[in-house]
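Okay, so subunit A shows up in both of these, paired with subunit B first and subunit C after.
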Partner chain A sequence: MSEQIETTLNPFNPLDDMNLDAAQGPDLIMRPIENCARFNLRISIEQLKKAAAAFGMDIPDSVGSMSSRAEKYALCLGPDEWLLLAPQKSADEIITRFAKLAKNNSHSLVDVSHRTIGIEISGSLAQLALSAGCPLDLENMQIGRCTRTILDKAEIILMKLEQQRYRLEVIRSFAPYVWSFLEKSGQDARA
Partner chain B sequence: MSEFRTAKGGRICRKTPLNFSFDGQSYAGLQGDSLASALLANGVHFVARSYKYHRPRGIMSAGTEEASALVGIDRGKGRFDTSTRATTQELFDGLKAQSQHCWPSLKFDVGALTALGSPVMSTGFYYKTFMWPKAFWEWVYEPILRNLAGLGRAPKEMDPDNYSSIHAHCDVLIIGAGPAGLAAALAASQSGSKVILVDENNEIGGDLLNCPIAQIDGTNSWDWLAETEKQLASLPNVTILTRTTAFGYYDQNFIGVVQKLSDHLGSLENKPDNKTLRERLWKVRAKRVVLATGSIERPLVFAGNDRPGIMLATAAKTFLNRYGVKVGNRPLVITNHDSAYESAFDLAEAGVEVAAIIDRRAKISSKLVEQAGKMGIEILLGHTIVQTSGKHRVCSVRAAPVGENASIRKIKCDAVLMCGGWTPSVHLFSQSRGTLTWRDDIGAYVPNNYTQDATSVGACNGDFLMSQSLNKGAVAGLEAAVSAGAKAPKSTSYKVVNEALTSDIPVEEIGIFSTIGEGKAFVDFQHDVTAKDIGQAVREGFHSIEHIKRFTTTGMATDQGKTSNLNGLAIASAALERPITEVGLTTFRPPYTPTSFGVLAGYSRGDLFDVTRKSPTEKWAEQNGAVFEPVGLWRRARYFPKTGENMHEAVARECKATRTSIGISDASTLGKIEVVGPDAAEFLNRIYTNPWSKLGVGRCRYGLMLGEDGYIFDDGVVGRLSEDRFHVTTTTSGAPRVFARMEDYRQTEWPELKVWLTSITEQWAVIALNGPNVRKLIEPFVEGIDFSKDTFPHMAIREGMIFGVPTRLFRVSFTGELGFEVNVPSAYGLGVWQRLMEAGKKFDIVPYGTESLHMLRAEKGYIIVGQETDGTQTPDDMGMNWAIGKKKQDFIGKRSLVRSDMLAPNRKQLVGLMTNDANIVLDEGAQIMGEKSNVIPAKMIGHITSSYWSETLQHSIALAIIDGGRARMGEEIYISMPGGFYPARIVDPVFYDPEGERLNV
Partner chain C sequence: MLLIDCPYCKEMRPEVEFSHAGEAHIDRPADPSSLSDEEWESFLFLRSNRAGICFERWYHIHGCGRYFNAVRNNVSEKFILTYPAGQKRPSDAQIKGALS
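And then the complex of A and B:
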């Protein structure tokens, strides 16, 4: 699927139908992240440099680390697994460059742009709201780290962008649940 | 001011009076009172009836160990709590409490009449009486007993309160904020370690709260406490949680902690925002745990030891010093331990006339004798109690020298304060799987071997002196800080003056205070277990405390035997004539104190009870009146009724439309996996029974997956997008387990294969279109795909665009009609669906749900894994040997398929059934018999797996598995159903279009 989408159809986000302002306040801001390109990359660590060249930026090689530049992110989620995030307009170029790479270097690049919904959560209560459902020690998670974890009953990928700013990627059909959960736990954090 | 409230002292706020009611009667209390202290200030001791014998009971403690004063607290509609300890319930204005286990009233209780029958209801009564006849249990005994039994009553309304939960991490978790815990917190926090300090009381201080006369390093204990609290509160790395109970100690220093946030605030009914939290569950992961959980005073066991007014000695001291309440005007102290003297002295100091101190010991320290003499308190050494009197409150006791039944002396009193030594609170330590060791000097078990990174300090470790608690607490705090990474913290030592008294206690003194005398001598006050019951259990042959406990139910009430366990052990040990250490020790289990269901459920209620996964097109289905059904976590449209239609009519219409023109349905929930890599085909060869190497690019194949046991595991269509890229589909419910199993084999069995898996279930929305007009509908909107019959045949996959959106277009069919499955990126699923519905109007397109989906495939004899199969069917059983790649060297399950049992001719095989009466729709799951026979047991030869009314065939159809079914074509068989036997004929499972011509239009 390498074609640029040029359609009159409106993309539908499951969060579109929710009241997104319910839990908002200066201490807790949540927002859906605009559509972007997402790829699941599987490749052996020896060939990572070539993949980095194709992606156009450094890709980290230790699990839990993350690199970013100009709206692009590379998250190392497993010993041979990465999640690549990029602006939608660069999707075609990335696919083309990896396709060229494939000729000699076997790997798997799969478009998963629509698989997850991105949510950014920030503010002084962000960590408390997340801690209601995430068992990790978020206070001591370093800025710029990422991990696959859970938020209550949903699996999420969590990125710590700043001390009080996180991004999470959640499987599309779990997104309304995760949003509602954070809304409730954020409200409780104020109590 | 009531005669029982002191003129000064205590930690109550005398300027803030509060009104409350107990059993409808109004009383006044003070801010800072517990319900128990407020009742006592009003002279009320008799507050409850006991559980089994309905005996009058009073307040026996001042804290969390309370076993008698259990009351119902009404905080408004749906906010009724049963069996709340009056000693831990903080008073608030307007509090409404009521007594339990009594009818019509506390003073006149019909249930107490059952006490007349108590000689019959001896221990083990239920076990012995209700065992026979067996059938009586379910229909007679249990319903009656259920009505009689129980502690309090369960609320009927929905709980309207809010509960929250949070994960927390810290370097040091300190449980208990008495002197040991506070000293530990001060030491641990000084170098920046993250400290959480929890205490179940409404304020920190623990034992300091009832020892105002003690001095720590020259400072009055309450001033020291205030200073310490201020200091800890100022540190950003210290979190102090009061009204907070650590109730469970789990693996790897994971501690369950409940914080009560609003039970002390009064009714929340008038708070419209409904945002106030009742409780918060803290799930704490601590690097190190300091247990400073204190100890619990032991009651004494003697005849009539349960009358209202009889309480623990330390409770009287607490009520006096902390709440400014005198528990009586003439209390009597009975003891075998020094600490009770302190209660006597404190009360005397407050101007209360102490009737006497009865001490079982023949000799005590001269200091105590001297002090008592100075205060004018008589001491009866070597004495015990043989009887108590007083119907609703103790009014006198009869004392006698130990071992004698002569020289009995009657002593008038209005309260009896008892002390049988102290038991360290090792509940949490024991939950952490630490092992205990017996200490003869204190007559109790203390922590010995730790299995987790924890330490016990103060009274819970058998160090009862305040100075020991402070100094050992400081050391533990220091160690905890260092082990958590702190550098060179300062050590501290404390000097205490006027600290509480303690003494050793001989083993033979534990438990029984008096063995003679009339009346019941209670061990477990909450479960009404007496010393006699334990003796009887031993006589009946129960020799382990684990068995004695279960037979007598001692220690099995909601207090888990906080005050009774050690006395019970001692009595059992005496009866068995074995040392106490050889009687065994029961296990402590969470929760430490009763914990609400609400807080354990936390967020799992209402909309957040579980995840509801909705497909990308669900919004349209919802707007168009679909009826939904849950499929795992997914919610799927079941059928789309038009006004007035029932399910049967809707399904008939949906099926007809699909067979004659176009049906449209959402198949997005199917599991999807993208398998990529040079070895992708080989990987699939090993996973599936089918061969994949020769599948052409752009073609699809139905794949069958077995377990290692050779039984069908899952199925689905697989399309080849390129030499090294496959688009695999699985069943909806099987998606997670198929993906997990593929990943498992890939990583552990065949790491040499260059292949990778990516779940793409939610990347793609899938719209299934079936019916003779489908090609005509979609062709105009698709770009980049040649639709002619020869270039895009059945079982093929193409990539192109539809409505300007990229698509993976499958030509497949699960209905037997010409079929296409349109895969588009999920966000466009709804838009594409809407466009197809619009464009499909001219073909009278009809949406259908899971019900029609099942119907349409059954007409074609297509199986559903999990419906036709139950985990014990081979491919051959399902008539699917065609799906096995005969030339393949191996695949998962291959070897199992040639086991002799798998080749038996009489295995259950898939067949179709046509009922003799076209209108009889058979019951799914109904058993099948070879002959019509009423002989029991009848021989069952199989069962119905799927059954429907076929609108297309105007005839009932069914799929079934029958012993050797394929060899029995045409035979008549009988289906047993509630209405009788229904005859049917065995037929081929493909009911409709057996040649498959409709696929190729």
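And then the complex of A and C:
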């Protein structure tokens, strides 16, 4: 019985069943990002400094900007909405610190670690592969910008890390679809 | 592709990220129980439905996740002005200014 429960509770990654090497090459490198802690933060902009202190790094206040330090990311997705990414091991500490903050500063911090799967896409074809489904002007998107947007039929969060390196946060059930879409558009770009 | 100026993102963003959300500047009656059936029907269902310049709510659902208002010509599909929700309806002069 206990064996059965353990099997049921095994974390499941929708990309595990896929052949992830099908479209890889030096011009297009895709990799799933290791599990990390993700938090959705809603707080008023006046209290943002306190949230930044609790998170342990600067949190940007203009929509579309992003800051990062030591594997931590803070993304400003909307005028009062942030996505915080951090290594799994620091999750408990972050939750404790925000719980302390909640005593005097009302805010909402929701653990959404398992809502999305991270995918990193890089190489000289990365931008072409993304542009096949994403209507944004990726060429002129500045490095260090982030946004929620659409990739073909799926909603994604897109982060531009370098000129040819992007990180996507994809809703788990859309991950196989997004992965195969990028594989296919990457192959098309190569042809 | 049609680009829409999101007043929260402060950027021109592609149309597919947005969703239309009905006519703008319709206030919910403060005391619904004092209204007649006809008045309540009017609040719920009757819209101006004009051809030409109209005031609409739009939702940047696949972006910043905010509702905002837009002045749009629904014949030519041109977005004339967009502004944050809660702001007053722009005056005729402002709309004219944005058009010229």
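General observations
The rule is short, and it goes like this: the second predicted complex is superposed on the first by the 181 of 191 C-alpha atoms of A that agree within 3 Å, B and C clash if a C-alpha of one lies under 4 Å from a C-alpha of the other, contacts with A are read in each partner's own complex, and residues count from 1 in each chain.
Heads up, the rule we're going with is that contacts are C-beta pairs under 8 Å (C-beta built on N, C-alpha and C of every residue); 3 or more make two chains touch, one makes a residue touch a chain.
Everything numeric here is computed off the predicted structure, so don't read it as measured data.
Contacts of A:Val63 after superposition on the shared chain: subunit C is touched, whereas subunit B is not. Look at A:Arg31: by the touch rule set out above, it reaches neither subunit B nor subunit C. In the superposed model, A:Thr149 makes contact with subunit C only, not with subunit B. In the superposition on chain A, contact is made by A:Leu77 with subunit C only, not with subunit B.
By the document's definition of touching, both partners, subunit B and subunit C, reach A:Pro135.
For subunit A, the partner touching the most residues, choosing from subunit B and subunit C, is B.
Of the two partner chains, neither subunit B nor subunit C is touched by A:Lys100.
Across the two superposed structures, the residue set of subunit A contacted by subunit B and also by subunit C is 135-136. Those residues of subunit A that touch subunit B in the complex are listed here as 1, 3, 5-14, 17, 35, 40, 42, 80, 102, 106-116, 128, 131-137, 139-140, 152-154, 171-174, 176-177, 180-181, 184-185, 187-188, 190-191. Of all residues in subunit B, only 162, 164-169, 261, 275-277, 280, 283, 285, 603, 607-608, 610-616, 619, 634, 674, 676-678, 724, 754-756, 758-764, 799, 801, 803-806, 808, 825-832, 835 touch subunit A in the complex they form.
Looking at the complex, you find that subunit A touches subunit C at residues 63-64, 77-79, 81, 135-136, 147-150, 155.
Those residues of subunit C that touch subunit A in the complex are listed here as 1, 8-11, 13-14, 16-17, 62-66.
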